[in-house]
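Remarks on the structure that follows.
As written, the chains take the letters A, B, C, D, E and F, and residue 1 is the first residue of each chain.
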């Protein structure tokens, strides 16, 4: 009998960096699903104020944080951008393990998956103003407290790669090496 | 004897969506030309606030609207972006039927075709503040009256593809699925 | 009521050049369909032994030959390659007017459209050994008779663009300008 | 103290499909390493005779087969081609978790990683004539016995996705949908 | 004995256009170095308000200006963008002659080269508010005095290519031909 | 008065590696021209049996060999492939200093430049069977004598970069790191 994957789900994000708001969504989805795939969006980006961490660094953050939580029914898949939205869903489908349910609050993601016939559910809510990549990157750049907003494993990865200095150094940059 | 194509002309636009201002230009050019090619620019774009419709959807709008007007001396050609302006004219030339005259009011388009030796004419004028893709998309997103600004065939295509809801849904989006 | 496009069909090919075998398929499909879209594959290719003609030149061949046959329920759409087969069908769908039926004898095309849920029909048969782009290009390069294999309009376009000399000149090439 | 990742290793392959030869290498490396990353090469390819399976399908094969073996100190990362070899190592490094050792028998891979200062070890040997993706795809296309060459989990994934018919159908293809 | 290239240096910029501030940096570096490579960044860009000149035009400006100064221990290399910062340094390294020292004040460039182990030095200072490509393009577009800000050879190239009119014509453009 | 560049010429090649046949052509063209631009084709390629050397390495070979000959009226410009032949000439023109004459024996290069209105001249003849990149790479891979076929400066660069071992190591490769 073929596996139907009815309770396999997908969560996509940029995770710059992974924070406690993300973790909350992922943990709830992992509990509600047989299997959860975490897609790392804009995988090709790094070293910019908006996207300081490489895909490999973000992979480590997610992997370590989920293991610390005792979760193991997940896959992590980097997804490079393919800036053609009509084919974006097919692109994601080709890169990740099977899934039937998508968790997202992003309206474009919702529309694209719905037009392709997927079931889309809203992500569980959390305090988006504080648990936000933008806010965390801002705090790091300004020497404010940020460690409480991310899982411990994430803070450790950021320290290992000298991430605080990377963010500070590029925060004055105009996103181009010229 | 070789055909000289002296009176073959080109009009390019994004047509997001085709509106009565576009139609006015196209109809006048079609009348003044032996043949007119309508190039659908940024053909690879869709599902964003600026570019809600796919190239195939825009093709249908133009095709049906021109047939309703009884015009038949035209070709429609989607043109994907090639973001290297020094080769952009050669890119367009390779994709479309022959032409000698370009109708445009866009200064970059004018410059690029002029540097390549084409005759460039200003598009006939129309009320650009009302007959504007930006204005029509704004009205659709805000439930204001928009149908009078587009040919009937266009409104019908937008209804067929559930375009009003697509525009509303993605209008809050930041143009990225992440 | 929404249009259902049930009898809208798609034929794709490279048309290097359009020949009488292609015309036979297209004419039969046009008769059996309410609307037929002819997709020009590998639209970005030209000036090589395998792909001598630009997309714009091929567009002209098809347009003129179909008008000579009195067919007018068609659209022509250049399709640039997107060498990611899992998203190829979504790419084609986004570029062309709606369709429900695909005519092809190519096994990969058949598989890709079938996996995406389209109805695929075999193209009507014709003498593939003679009516073949490869054979026609070979004859042109070797000064053999080729005009009987293509519609009159196609021979005229090839003459207009000095296509015979182009094919001869590049036939010794190794497909790279270096 | 920073983690030094000295015993983190990388194995790359196309895994079309994952076979018992691959499994042998992966299991031995997983045992010898603190952590092993398996890179799925040419991740963007699928539906061709050489590359029948999508990256997502290959991800499933590897994930299920390794879990069946009781291995859990691994990460799986799809790697899209970036056909610029001087930057290929930097591309891989940016996509995957940290590593210090590369296992490969491919001379180009060896050279590229060595020029970038990585330690490269030869993969453990296995019977390459039988345990080969090429041989397995050939057997599937010709209705010969192939299931003994792959882990059970892989055969199950191939059955789930109707992979035998996909390979048969596209095996006569010339790798282009035109 | 192998050449060690210890005193070979690299300066990168967009040079839109080359101005006296650039010249000051280049001349000082050329004097302090055995060999200096000048990388023309964003080489694929032109005909926009931010990047009016082609790479070929910028090559001419630099080449003529340096010869006028009697400098000859330099190479000029156009560098097309590769918008993946983790591989950007490897991309530059593969395109240019060997170098050990990088002169830059751009924080992203500094970070990327430092993470790859290069010695990075700050460019010598000059009056950045006046000697700035942005300021020079603004003056040209507004018919203000600009010739004193660039080397004579640069003004001559700009005149030769009708660059003043190009900048004026495209300065009202929104950076897209549609 | 504008410079007319009537006697500026262009020679393009891959130079894998630069050999005495190339040098013969370049020296004769340099003598006959006011200025000669040497375009390094397929600049993005390296580390394969067909294209072992990076663009930067080839730049060094050409630069050093020409200086050894006392030639100084030249520019060297790497040219990345843009696999769209109808726009290829515009691509080259945008990257290099002005030129009016092209020296080539490649039929595709000749056709493309002629269709764009350039004067194309045949390269001076030399013994192509011996003075050939293919032959030199074959000799290096097989430990046969090759140094007499290249300028001294080229042999020195190849030694500096450990090029002999690179060619030997990758000569058994199938041109893919997987």
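Basically, a residue touches a chain if its C-beta (ideal position, glycine included) is under 8 Å from a C-beta of that chain, and two chains touch if they have at least 3 such contacts.
Keep in mind the model is a prediction, meaning the values are calculated, not measured.
Peer 1: What shortest step count links subunit B and subunit F in the network of chain contacts?
Peer 2: 1
Peer 1: Using mean CA coordinates as chain centres, what's the subunit A-subunit B distance in Å?
Peer 2: 37
Peer 1: Using mean CA coordinates as chain centres, what's the gap between subunit A and subunit D in Å?
Peer 2: Computed value for the inter-centroid distance: 25 Å.
Peer 1: Which subunit F residues touch at least two other chains?
Peer 2: 44, 46, 54, 84, 86, 93-94
Peer 1: Provide the full list of chain pairs in touch.
Peer 2: Result for touching pairs of chains: A-B, A-C, A-D, A-E, B-C, B-E, B-F, C-D, C-F, D-E, D-F, E-F.
Peer 1: Which of the residues in subunit F end up touching subunit C in this complex?
Peer 2: So the residues of subunit F touching subunit C come out as 12-14, 41-42, 83-86, 88, 106-112, 115.
Peer 1: Within their complex, state which residues of subunit E touch subunit D.
Peer 2: 82, 84, 86-87, 89-91, 93-94
Peer 1: Can you tell me which positions in subunit A touch subunit D when the two form their complex?
Peer 2: For subunit A paired with subunit D, touching residues are 2-3, 43-44, 46, 54-56, 59-60, 63, 72, 75-78, 80, 93-98, 159-160.
Peer 1: Can you list the subunit E residues touching subunit B in their complex?
Peer 2: 44-48, 54, 166, 169-170, 172-173, 175-178
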